[in-house]
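Same chain, two partners: chain A is paired with chain B first, then with chain C.
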Partner chain A sequence: MDIRTPNQGGTRVAQRYDAVIIGGGHNGLTTAAYLAKAGWKTLVLEKRRILGGATTSDEIVPGYTFSVLSYVVSLLRPEIIRDLELAKHGLEILPLDGTFTPLHGDFLWRRDDHAATMREIRRWSATDADAYEEYGQLMADMARFIKPILGMVPPDPTSIDPRDWLGVVGLGRDFARLPERQQAAFIGLMTMSAADFLDQWFETEPLKATMSASGIIGTFLGVRSPGTAYVLLHHYMGEIDGAFRAWGLHKGGTGAISAAIASAARALGAEIRTDAGVSRVLLTPAGDRATGVVLESGEEIAANVVISSADVRRTFLQFLEPGILPEDFEAQVRRFKFRGSSGKVNLALDALPTFTTNPGGSEYLRGAVSISPSLEHMERAYDEAKYGRFSRRPYVDMIFPSLVDPSVAPPGKHVMSCFVQYAPYNLAEGAQDWDNQKEAFGNAVIDLVSEFAPNLRDVIVEKQVVSPLDMERDWGLTEGNIFHGELSLEQLFFSRPIPGWARYRTPIRDYWMCGSSTHPGGGIMGANGRLAALELLKARRTKVA
Partner chain B sequence: MSSQPSALFDAVVVGGGHNGLVAGAYLARAGLRTLVLEKRATLGGTVETRPLADGKRAPGLFHTVGRLRPSVARELGLRGHGLTLVAPDVRAFAPQPDGRAVTLWADAERTAAELGAWSAADGAAWVEFDRHVRALAAFIASLNAGTPPATSGGSVGDAITGLLLGRAFKKLSKDDARQLLRVLPMAIADFVAESFESDPVRASIAMRAFGFSALGAWSMGTTAALLADSAGNDGGAAGQTVYAKGGPGALSDALAAAARGFGAEIRTGAEVVGVTTADGRVTGVALASGEEIAAAIVASGLDPKRTLLGLLPPLELGPNLRWRAGNIRQPGRVARVNLGLSALPAFPAAGQREEAVRRLRGRILVGATGIDDMERAFDASKYGRVSDALLLEATIPTLVDPSLAPDGGHVMSVVAQYVPYRLADGAWDAAAREALGDRVVARLESVAPGISGLVTAREVLTPVDLEAEYGLTGGHPYHQEPGLDAWFAWRPLVGHARYRMPVAGLYLVGPGAHPGGGVTGAPAENAVKEILADRRKRR
Partner chain C sequence: MTVGTAFHPRTAPLNQHLQWREWSGFFAASAYHDSHVIEYNAIREAAALIDVSPLFKYELRGPDAVRLVDRLITRDATKLTPGRVFYTPWCDEHGRVLDDGTLHRLDDEGGAQVVRWTAADPQIRWLRMNAHGLDVEVRDVSESVAAVALQGPLGRDVLEAATGASFADLRYFRRRGATLAGIPIDVSRTGYTGDLGYELWIPADRAVEAWDALVVAGEPYRVRPAGMLALDVVRLEAGLILIEADYTSAVHSHIPSQNYSPYEIGLGRLVDLAAGDFIGRRALIAEMAAGGPPRRLVGLDIEWPAIEALYAAQSLAPYAPPIVSRTPVPIFAGGRQVGRVTSTGWSPILKKMLGLASVGLAHARTGTRLAMEWTVEARRGTVAATVVDIPFFDPPRKRA
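== the complex of A and B ==
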């Protein structure tokens, strides 16, 4: 069949798809591209008017393009870039240089220039400078060791089929061959708090605090919570893959990544429709097999397989009628933890703000600017959030995309993107109260940054505050969790999203999952979408072209 | 080259705490000429009965002994050496601000009935929750029963897989097996919230999960700690509450008698200051007095940091292991307060007379009023402060054993958490110690009005005092923080979890080794099996 134009209007559609994918975020698009590549007739349905889901950019203020939610990339899997030839489809990552931590009367500035960074750390502590080299080497080794997990489909722990265990057993063997010191580091990374892990190496507070921040992003945990050390590794994943060094920005905003994947998917034959929200998944009369979807418009689309890239709660509780799922499974879906913890403040600026104590020039603003003066600052921000308040003095991670990519702001003007934690979805007054507290939240962020850059208020043209409630309402991120569910140990690998259901299948035949609620979790990785597609093709014995 | 022919002993045990005594007893029982050396004048270490100023006697650091491994008691014949255990029918009693209480009983049905008063759903959930905890704890117990697998060498993948797929795992239902991997790293706050809706009920169950640690209710790994606390004995979801008649010291006395009965020699007032080595092997120990004692086997009951950094010559360790040993985490967060009381204090939430006496025989939990309340107490300690609303686990051992107060009255033993070893402002001097004592009594006053008027003697041990008194580095009762980063095959350090320390002939037999802290005797019993296996190999 070669009719590629979607049916407009009518409630019945003659054509039948091999696969329909719910959601046009980066994972849904990745799955679609891989399935189309294998020759499947594939359709992606996106509810919003633009593709990309949370990986999106939008001109909120005339002339200024904001990467509204996700704002940096480093984890996009290199095999996806290769397989889908994303460079051809316009993928272009601009490196961000370093991290600047402003302090009262001083600063800490780490950048790509290794010698400069070493001099800077030595200015703070000679032992930390020595440790920094050793630490970097160890983490790169660890990232190399753990990388296979991102490409592995987790077995069901009760499975007795040895084939399911090959990957895990292989990893176990590799672990046994690691030197004791690396074994110790690996166990520490899997179980410790970011603060405890870093305390082993370093003594400089702003250094530890700024490094620890990567351990808490997107989670409802503090830098002293066990389980946060693991994410420290992610910073080094990008490095070893050589795709891009550490963190980068996408030219034209994060949305361009989705555009590149969408372009690749289309070129491989996939159809993509926007403004096409799915209201329900169609099942056989017995309710045990998916046969297609119903759109919010009432249109029905038949498919051999339906794949949801929405989060687990939407996938099972919104798209299916109650009572279809086994009771115990549904209970487990309900207790899957979301607990969004972050907000965003995007600013359109007339000029760059000036940080009181700075190294001169504007080079230091070309990377991330991190408000993380001490571990205590970070932990106190978390303590407030635990009891349902947004942090009055939060952790803020800022970037100025316009410095790296002038196309996102009018000439001479700038865009400032602030990722802010903690903004707990569940406020003590209830999540709905975010609409009342949002203004105060935005002001708290601006007040805090102004302590370090007093002219900030004077250069703000417009601000956009995105609360976790906004993320839920506008992007379908349940409870505003940017990773489609907490990345805590009990919701990873075997147990993501539900113990026994980590292999992209669901209790309903021909209904699959491919979003960030699945292994290996959230971030602009694409691994979930790719693994789901490969697992589905394997199950159907279709070879990837 | 094994032990010198001149050696009088085959094995020397450093430290006469309960694990040291268990090790001494098992080694002697196996026919080794064994010497146990204790620095203090008395035996038992943290498991002791200590005098109060008013003539009464009170527990040392630990006040209950319900986790003692049953095989240790049986094989060492502790009952024959005078050990009598008393298990009241109440496990825990948690008075609440509204004058009511959450009570957990040994009898699950009774607990369920009483929890029903807080929430019908919670009452209905208890029996299944207790079953679930017991099923998962049984698996932990099977891990605890032996030496963890080696993490190096070609077969570890097989070993771990074999273990997971092994008999213990298979004993779990398919659902329990999947749940085990999910719940082990969980925060206890989440684990209890999955079954219970009433905040006081959640808190009263959860409090045990972070006892003696620097973890809070929202910290990952606390569910594993609760399961470990329930493993091996009749703990279940309510946790154990078992007293030794004569105080915890009676257990140590029985262990010492058993060790001597098997032929071990025990010396007190004998402080070991170093382990002597030659050619990468242990040759014996050096005492503070200057005396050296030769032995091919040295079993240390001291904490791992003290053992590796304090006893061994630095060159034996190498820089890498020294660095790792130096980073062993021992953040002490508890203080101990013992009170002599002229009469039984009245807890209005416990009811009247007989009924009250019955409820007060268990662990009395003060501050288990809600998950957030407990978390706030934890928050203060992260910044080096003592919380205004301390969490207390109190017992009144004289209710089951009046012999501790020969002239009448009662003894109350209190574990106070969270009390940081390092204060942000100031040090643990006499004034700070007494202020802490006052704070604990004031906290008790909130649930037992009038108790301060009954106090006839008071002893306060801060974390720094616990370090000085019992040789606990950082004041940590478990020798090493019981987080998932120091667990099973990587406790105390990966590569050294099989009781063998880096110098041949040196073993760790205390709670810094698997399966960790508390009054169990388990690390020592496991360790001796390895010592004996090595000895057979060398022959």
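== the complex of A and C ==
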């Protein structure tokens, strides 16, 4: 029997590992660290030359470090930071304060000063200011109610083991205890569109539009699509230092988060190899159990367990030979929705751009800057995407990391990160046409931002445009989906990635998953990697016992 | 009446929320920005300017200046050669700590030794009383010398940009003169942040010009003013004690337990019993011969999951207060109180709740598990806390 506690008895062939992890993104590294901590001989194999997957920084322009893809962090689980002592390994998250929404001739600036934000919203609508407080209170309560899910392994709906259901029962009990008004709001969050949900509260267009944006990030849905209200909440669960709803930046870019986790994993004994792409998972002749991997170089590595942090499509359709998986399972994998919808424009700047109408100084650029003047702007951006065009006037979420962390740019210079939606992977002309349209896409973003900050073009030193096709080709993000699959309700919790397979296992024995395609989804949380490792460790002990 | 420091014309308009506290009779900004965390980050990621002018400052001048120092401090003052800076406590005749501060040996002038003595509390009477029979003049320069701490990993870049001189050679706890915007200043490689940093000693009548020059030079490095709230967080991370919070000066104590020996506040390493006589030495020798004082200063790693559980028990989301608390809190072992936690706060960089505590010797060993009182919604509970070594945060750049 190969199913045994690692490091216990048995003969060990050279190069045999207790666990091999495919992919050195933040989840793969987290899984590796936890397994290594438990004493497993662990190896991480990363295809790219640098670690981090989508959690990566790179000095694209000399002196300027870009967080190439993911650019903010809020959900990185505090238990991971503590368990792996990430602070000792260089983790430094800096808060990102406020959101500035530029408009033609005006602006809306919410900041980390309650009274100033209230006064600002009151300038637009006195009732909205009151509603804003109540809304914040409600969402904090909702987030608190739903948040335990992030640290919980989803139960198997077919399981009758009561232990699996304890967490959910607790959640049900908490739900029953919520005041009726909050229960109603919860149902609304689960069923409504972000726009409809916010319409119940607010009348100020730029406020609603900017808030609605978090309902669509990483989905191929518009602010008026049902189901997007829940995603609002998902993004509301961020937590930094015990305070809800705070977004942060990582010093040195998001790649430094991966570097910290990698350093912790190495210190715990894990091996990590880059430029080591996996081409196939090795199976027993019967095809029912994983025994190792084959690298693109042809090298074979034996392992007791193989864990894939790649997305669900790569995990099952690329690393396995066709016909291995049960047919219905494979069909469900094919149906799992990716539909990448966003792109990234990273700029190296000589100086900060000046927004035509601004509150003075440069503090207003210290947080997020959001091009989201109205719900109509947001929905029209989606309209184009539906028919395979990138938004000519997209939603853009910008940050200037160098204002908070000067280490990412030369003194006095700046970097600017633009998250852009929509950039549909599937263009009308086909995904491959992204290479032809990328330049125009980048220009559309710069043109749009220049409407509000006319000197932008003058201060650009260099630009980097990342299309969904680039994300797929260079980072292995299928269809360019930043979350390894849409964060839509039907693809969450015990349905993520496949109903009945939410517990990090696969139909192939000793082949496990730990990436963002699994519960609780994408974002720099690390929860997936941690839960997968803990579940695997638990399973092994159980088998031995 | 509280008055402004020499930098007040510049710091006042920057204090957006009019958040001032009083420090030795001067206005000291609690925070300048929307949140002091912005300033905390400037100290840890970029550079910050902290007005520390309210410190008491004395100039000791004369052939016997170092002899006076040697009478008073617990360290060997003969090693305080020109260009060096000492951090040290000083005691009364019972070996109880009066205050702690930095002493800067300035360059000799003619045959005279010159020492700048900084302190949290007034010391002129103590200094003059003990100068009896020595050829030394003690002057209070508290108001004529302004002081600003330039702290943070980019602090050296800002200083070099502002002065046009290299400071790569100025080592940790060294000082030297410099020129900033034509103003003669003194620069020491010191600070209260546990980070790379400097303190600049500036003629008060030119403080505003100096501030302006630092701000201009610091702009590309995102230099920010930082207030006392941010300073309190970084000094806790650095394991640096604060008078009247982590210990009481013998001057202000009313009962014996409010008196502290240097060995009880983590400053034992700064007591050199072999290096000649100083006030309190005999008492400290006797104390050590008797087995040492009964208490020790320790660092605490306070378990966050335990705090979360106290909140969860009341169906609340956990909350980490962003400000360091100086309210003393009891700490227990086996249900019995064994000391008090004197400073408690969240470290944003370590993602941990930290504490400085004064506990009985038997409970001071690294790794000892204690239980600290923690109150949520006015309901008392306890949380586990482990004794750990301080500093909690000690980046190599601090000394680099």
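Everything that follows uses one rule, which is that the second predicted complex is superposed on the first by the 519 of 545 C-alpha atoms of A that agree within 3 Å, B and C clash if a C-alpha of one lies under 4 Å from a C-alpha of the other, contacts with A are read in each partner's own complex, and residues count from 1 in each chain.
As a convention for this text, a contact is a pair of C-beta atoms (placed from the backbone, for glycine too) under 8 Å apart; a residue touches a chain by one contact, two chains touch by 3 or more.
Model, not experiment: these values are computed from the prediction.
Chemist: Could you check whether chain B and chain C clash or fit when both are placed on chain A?
Modeler: fit
Chemist: Put chain A at the vertex: what angle do the Cα centres of chain B and chain C make there, to the nearest 10 degrees?
Modeler: Result: 130 degrees at the vertex chain A.
Chemist: Which partner does A:V44 reach: the first (chain B), the second (chain C), both, or neither?
Modeler: A:V44 contacts neither chain B nor chain C.
Chemist: Thinking of the overlay built on chain A, is A:E490 touched by chain B (first), by chain C (second), by both, or by neither?
Modeler: A:E490 sits against chain B, while chain C stays out of touch.
Chemist: For the overlay built on chain A, what is the smallest gap between any CA atom of chain B and any CA atom of chain C, in Å?
Modeler: For chain B and chain C in the superposition, the minimum C-alpha gap reads 16 Å.
Chemist: Kindly list the residues of chain A that each of chain B and chain C touches, one partner per complex.
Modeler: Chain A residues touching both partners: 177.
Chemist: For the complex, which residues does chain B have touching chain A?
Modeler: 151-158, 160-161, 164-165, 174-175, 177-179, 181-186, 190, 194, 215, 218-221, 320, 324, 327, 329, 372, 375-376, 379, 382-383, 483-485, 487, 490, 493-495
Chemist: Given the complex with chain C, which residues does chain A contribute to the contact?
Modeler: Chain A reaches chain C through residues 78-79, 81-82, 86-87, 91-95, 97-98, 111-113, 116, 140, 143-144, 147, 174, 177, 241-244, 251, 363, 366, 402-407, 411-412.
Chemist: Which residues of chain C touch chain A once you look at their complex with the stated criterion?
Modeler: Its residues touching chain A are 17, 33-35, 37-38, 41, 44-46, 153-154, 157, 219-222, 304-305, 315-320, 322, 346, 348-352.
Chemist: Along chain A, where are the residues that touch chain B in the complex?
Modeler: 156-158, 160, 165, 168-173, 175-177, 180-181, 183-184, 187-188, 190-192, 196, 199-200, 221, 224-227, 328, 335, 337, 376, 379, 383, 386-387, 488-491, 494-495, 499-500
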